[in-house]
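Take a look at these structures.
In what follows, chain A forms one complex with chain B and a second complex with chain C.
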Partner chain A sequence: MELSEKLVTGKGRFTDDINLPGMIHLAFVRSPYARAKILKISGGLTSEDIALSVSSVGEGASEGFENLAHPVLAHKFVGYVGQPVAAVFSENQYEAEDMIDSVDIEYDPLKAVSDPEESINFEPIYPGLKSNTIVDKWYGSDFNPERSQIEIEDRFVNNRIATNPIEPRGVVAAYDGSKLTVWMGTQSVHSIRRGFSEAMKLPLESVRIVQMDTGGAFGLKGGMFPEYIVAAHLAMKEKRPVKWIETRREHLMASRPGRGVIGKVRLFADRNGKIHGLKGDVIVDNGAFTGGSGEFSPGFIAQQMAGPYKIDNAYVRARSVLTNKAPQGPYRGAGRPEAMYFVERMMDRLADELKMDPVDVRLLNAATEPYKSPLGYHVEASKPFLESAVKELNYRKYAGRENVGFSFFILYHATSGGESARILAEDGKLKVWLGGNAHGQRHDIFVKTLIREELGVDEDLIDVQKGDTDQIEDGVGAWGSRSAMVAGSAVVIAARKIKEQIQKKAGKYSVDKLLEGSWDSYEFYRYDRMESSLGANLVTADVDHLGRVKVKECLAYYDLGRVLDPVNAAGQNAGGVVQGIGQTLYESLTFDEDGQPMITSISDAGVLSADLVPKSSIKFHKSESDLPSRAKGIGESPTIGIPIALSRAIEVATGLKIRETPISPEYLLSSSGKK
Partner chain B sequence: MIPPPFDYFAPTDIQEALDLLNKYGEEAKILAGGQSLMPLLKARITTIPYLISLSEIRGLSYIDERKGALHIGAMTLDCDIELSGIIKKRFPILADAAGQLADPLVRNMGTIGGNISHADPSNDLPAVMNAIGATMIAKGRKGSREINASDFFIDTFTTALDHGEILTEIRLPFWGNSSGGSYVKFKKGTWNFSVAAVAVQLELDGKKVIRSGIATTSVGPRTLKMEKAEKFIIGKELTEDTIKQAAEMVARDSQPASDSYGSEEYKREILRRITTDAIKNAHKRAGGE
Partner chain C sequence: MEKKQVSIIVNGERKEAEIEPRMLLAHFLREVVGLTGTHIGCDTTNCGACTVILNGRAVKSCTVLAVQANNTKILTIEGLSRGQNKLHPVQKAFVDKQGFQCGYCTSGMILTSYWLLKNRKNVSEEEIRAAISGNLCRCTGYDSIVESIKEAQEMMKEEGDALEHEQEITVRSKR
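Presenting the complex of A and B:
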């Protein structure tokens, strides 16, 4: 049965579908306070039983800050509401949840801080800490903006949002006396294996990770979490399988949300719109522990802040600050949407200041040839792309309308590190494994295309497998818009290697020789550079007399290099549009003054319902990459381009300056009569 | 998300349900679709040791056109209210509200009686009951009694039902030929509950209003009947100015609190605007301009 059909007819097999004999169900007692001392715990498994901390793996993983690493179970202190403090278990899932009430914990609540800017000057949230600022770096170099005639400044906020895959986190762990096996939905069995191995001090070869059908991930399922380690620890101790499945409430409180970044930008330009320099200040809301992406994010954002433009002078401060919230993690885009939002909103500001067309300002500042931005990253020649985008999106027809927004961005793919693939020919069929594990993107489609092209095999004979560390030696992960590029290239090279094996052993290559024999080819395609591609969006939206936004059209023009599968690429776009609108209009994880989460149910998490999804369409720019797959990435493009263009459309429609996502309906109501 | 343990009863006649309710007293609660109670139990916000479901009792689901009133069984599903031809014709205000209530999955399971008796200030149907001037039929061990909608909604999660009573029927008195109503609900994007909503029912004689019912949702501890605005428009033509003044009265007499849905002032402003929309639409449906 075709994969999509299987998943939508209830025939998928997810982690929670696993039921093993003698299986134990795990439940967590979580902190009701954002910041407190733990005075006493009676009952349950505690940090006395499992004195480990979570190791940082996956996208944006970081080293160091051992003292700020997330303890598996809280030790002496709690740093956010929802932090696991104790664990209880039973053969019966119902009983396990009832047992939560049997654990008695005494806390001494302390004043919490949830606003990152406030936290900079707030007392350190843990004893022994000098400051809550854990990253403070400068990128680029300071410059004298004297010759600039115009100086504009603004401050933007992308509030925190939950990743909210349909399937929440979960694991089943089992131990046979020598090997720990963990079944789970994931983006990377190999990162997860490293995470277990490092945190539990187990040799890599004694841990096996098996990927189940994965119901969405968006960055969440590449990293390690405390609950996973408790499950594994208990499985090894009790010699029984252990299951833990996250509830939506737990997901909203205690998984790692994305965004949560403030950007202050000052732009220096001359009166005809040419930018001379940019100064910025980026503040990342790290949350209460390291191990998420909060240490990596600020620098990653700062270095992208020339956008797709030629900016000769730039100087950006990049900070990450502890707050009494769950640690920040990667969410579809993971630093890219934030950086481009800050730069692109300033391009609109500059256009307004000079009463110029916003796209003309962009054209004036687009890079005419490739260069290395003063902030660090390579910027490709972006002007020719922008010129075709203007044509392909028919921008001049829309220009000047009172409901249109445009965005232009550069997507930095996480290609460095490369990726692996294995092709096994056996019994007249081909099995394929990738180092990065698909979680809804349908990588199987491009894998089949590439193998058919290389080896001439009928696609029906190719079976793309889920991740399993026992089946493929090593791998990186499926994130950062990288899979078609690096995993695709690994597939191409692994296929060519099989061809060579056959040629060596049996002379001239033929499909029959391949299918009659038994061949095995593993390739780790090493790649050290970060690649990039360009994208543009055009969005139209209306705002009614009650401040309700109706998104009408979401048009995209993205450089995909070689388009391996246009239908699936359009699918990636459609899903990203939904998340881009969600971030811009509805989704946020808000907290009260005491650090208590205000959003605890899917009904107020702001995820779009089907009736709010607009028409979206995509056109491809096909400037092929130099990689063997010749592809470029798309996964994160819509979550970068849509919030920018939609914010602008609303700005034009209401006459209100848009500085924050999600845009508050209350703010929009104040627009009446303004235009 | 698993509820704490509870005992579940599904009696097959109303008398048995009343006996169980009496037997377990304050520890028992009626389950009439479960779309509010089950989430509260699963989130462990509340504990109810004894749940008495009405789902197995026959004859509690109907929409009957009787002389002078529409009789609706308390266990009639919200989706059946939403799609009923007679309700669309006689009380479009109720079809409006039922069609916007939560989401289709909830409407397929939830009931009119459950929505009304739960008395959540954000539930949509109480305001409609107030605007129409519905009568609630409450059955107890000693027999039935009638309660006017205006006396029924006491406070948040509190109605005029005695503990041993069950709401079995809702009666909607027919309004005259030149009548019409409208329910306008304002939600924040994807959120389930409204920031504010308003129900307006009008009857005209020529251009003048001769009867009116106005009530709100989500802007007070319970649905609020807007008596001042109701009286104000009686005998008047619905000019822009009259509508504006009525909407202002509704905004002023509401009792919104600042919370994650918005500030008090924002809610009043929304109410001003949706009341204007609702009066205009009700007026149109009543055959006015």
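Presenting the complex of A and C:
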């Protein structure tokens, strides 16, 4: 049965659908305090039983800071509300949850800090630490602006957002005496295998990760979490399969949310609108432990902050600060939306300052030649693209209207590291595995297209498999808008290799020879460069007298290179548009002054329903990449471009300066921020 | 905990079991009956992944106790297909128009759409969006779901007698 038919008939197989004989269910006793000393624990499995810490793998993984690694179960201290302190288990889920009450924990609560800027000068949240600032680096070089130049400055905040896939995290672990097998929804079976191997000090070959149907991920499901390690530990100790499925409330307190970044930017420009320099200060809300993306994010954001523009001088400070909240993790865009928000909102500021059209300011500063930004990243020649975007989005028709916003950005794809693919011809069919694992992006569609083209095989005979470390040797992961580019290229090369195998052994290639024989081809397509592509959005929105925003049009013009599957590409756009609107208007994780989470349901967290969003539309720019798949990525484009353009549309509609996402109706009703 | 006897007709088959009174309908369907197509997403009646049809009404089975569903008729996603390998028009439309990406919200989304199209004729896009506003999808942005429902509406119109057939499906014993 085709994947589509399985999913519409309830025959998908998600992690929670696994029911193994003798399986035990796991539940966690979590910290009710954001910061406390643990005085005493009685009952449950504790850090005495499992004295391990969570390994950091996957997208934006940490490189150091072992002393700040997340303990699997809290040891002496807790750093955020929801941190796992003890684990209990039973034959069924209801009983396991009852057993939470059997564990007694005495805490000595301490003053918590949840605001990253406040945390910079707050007492260190753990003993033995000198400061809560764990990353403090500068990018670019300092410069002195010329006297004639104007100088504008502003500060922006992208608040934290829960990734909120509709399927929560979950894991089933089993041990047969020599091999640990883990079934789960994931973006990367190989990252997860490395994660188990490192955290539990097991040889790689004694861990097998099998991907289940994966109900959305958005960055969440590429990394390791404490609950997974407890499940595996217990499975090995009890010699019984163990299941743990996250509740939504656990997701909101204790998974890894994204964003949570503050950016201060100062632009130096001449009176004609030409920018000569940029200075910035980026502060990432890391949360209480390392292991998420909090160490990687500040530098990643800083290096992108020239945007798609030619800026000769730039100097950006990039910091990450501990707070008493769950660790930051990647969320669709993962640093890209923040960087572009900071630089793009300043383009609008500059336009307002000079009373210029915002797109004219962008055209004036777009790069006419490719160049290396002083902050580190390569910027492609962006002006020709912007000129076509202006035409394709019909911007001049909208220019000057009091409800339109425009964004122009560069999407840096996570292509470096490359990706793998395996094609197996057997019993008249082809089975295909990718190193990065789909969690809703329908990789099966582009894989079939590419293999049909390379090998001439009918798409009905191609079966794209879920991830399984026993079936494909190595791999990276599905994130960072990379799969069509690097996984697609690995598929192309694996297909060409299989063709060569046949030519060597059986003479001229034919589809019959392929399908009648048994052939196996594995390719790890190595790629070291970070590719990029350009995008633009145009958004119109109205704001009523109660501060309610009605988003009217969401138009996109993105460079996708070769468009492998236009329907699905439009689907990726539509999904990202709603997440972009969500970030701008509704989504956040808020905390009170004691670090208590104020958000306890998926709707409080701001995940949007169908009645609140417009239909989206996309036009493709097709400047093919040099990779064998000739594609470029799209996954993260809308979460970059929409918040910028929508914030601007609201800014012109209300006359209020927009500096923070989400934008609350209370703010839109206020007059304190009037221009 | 004292157990209670329940008798629930699920997709045309009577299911009887002794269960704890605190057991949720979603867990009864998934764990007692073994139909895992009903998914749990949020535990708080917000996301609608667990939507099933209870006596003709779309309900969220994560906040209905199984004992409350005693002596009712339930239709789950597994019961919507018409016999072997024959998709219901709503299911077929979701395949044709790619009305899902990850597929986790899909069962609930399809059953809410089924309920809508069974009870209302000629629904507009705006009405479709309002009707599925209790079902959250994090992947699609809803455009392809709305297109799927429009397509299903056309398919069901062409079939004409679809509504009567659906009435029958909830009581027919499936073998």
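The criterion applied here is as follows: the second predicted complex is superposed on the first by the 662 of 675 C-alpha atoms of A that agree within 3 Å, B and C clash if a C-alpha of one lies under 4 Å from a C-alpha of the other, contacts with A are read in each partner's own complex, and residues count from 1 in each chain.
Note that a contact is a pair of C-beta atoms (placed from the backbone, for glycine too) under 8 Å apart; a residue touches a chain by one contact, two chains touch by 3 or more.
A quick note: this is a predicted structure, and the numbers were derived from the prediction, not measured.
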Touching partner for A:442 - first (chain B), second (chain C), both, neither: second
Touching partner for A:578 - first (chain B), second (chain C), both, neither: second
First, second, both or neither for A:545, with chain B first and chain C second: first
Which of chain B and chain C A:165 touches, first, second, both or neither: second
First (chain B), second (chain C), both or neither touched by A:12: second
First (chain B), second (chain C), both or neither touched by A:590: first
First, second, both or neither for A:561, with chain B first and chain C second: neither
Touched chain A residues, chain B compared with chain C: C
Partner chain(s) touched by A:643 [first = chain B, second = chain C, both, neither]: neither
Which superposed partner A:606 touches (first chain B, second chain C, both, neither): first
Doubly contacted residues of chain A, that is, touched by chain B and again by chain C: 93-94, 247-249, 601, 603, 607-609, 612
Complex contacts: residues of chain A adjacent to chain B: 93-94, 97-98, 247-249, 545-546, 548, 582, 585-586, 590, 598-601, 603-609, 612, 665-666, 669
Residue numbers on chain A that touch chain C, as the complex places them: 2-14, 16-17, 19, 93-94, 164-168, 213-216, 218, 247-249, 439-442, 567-568, 570-571, 573-579, 601-603, 607-613, 615-616
Complex interface listing, chain C residues touching chain A: 20, 22-23, 27, 30-31, 35-44, 46-47, 49, 76-78, 80-81, 87, 91-92, 94-95, 98, 100-107, 110, 126, 128-130, 132-146
Of all residues in chain B, those that touch chain A in their complex: 1-2, 4-5, 39, 43, 103, 186, 188-193, 195, 260, 262-263, 266, 269-270, 273-274
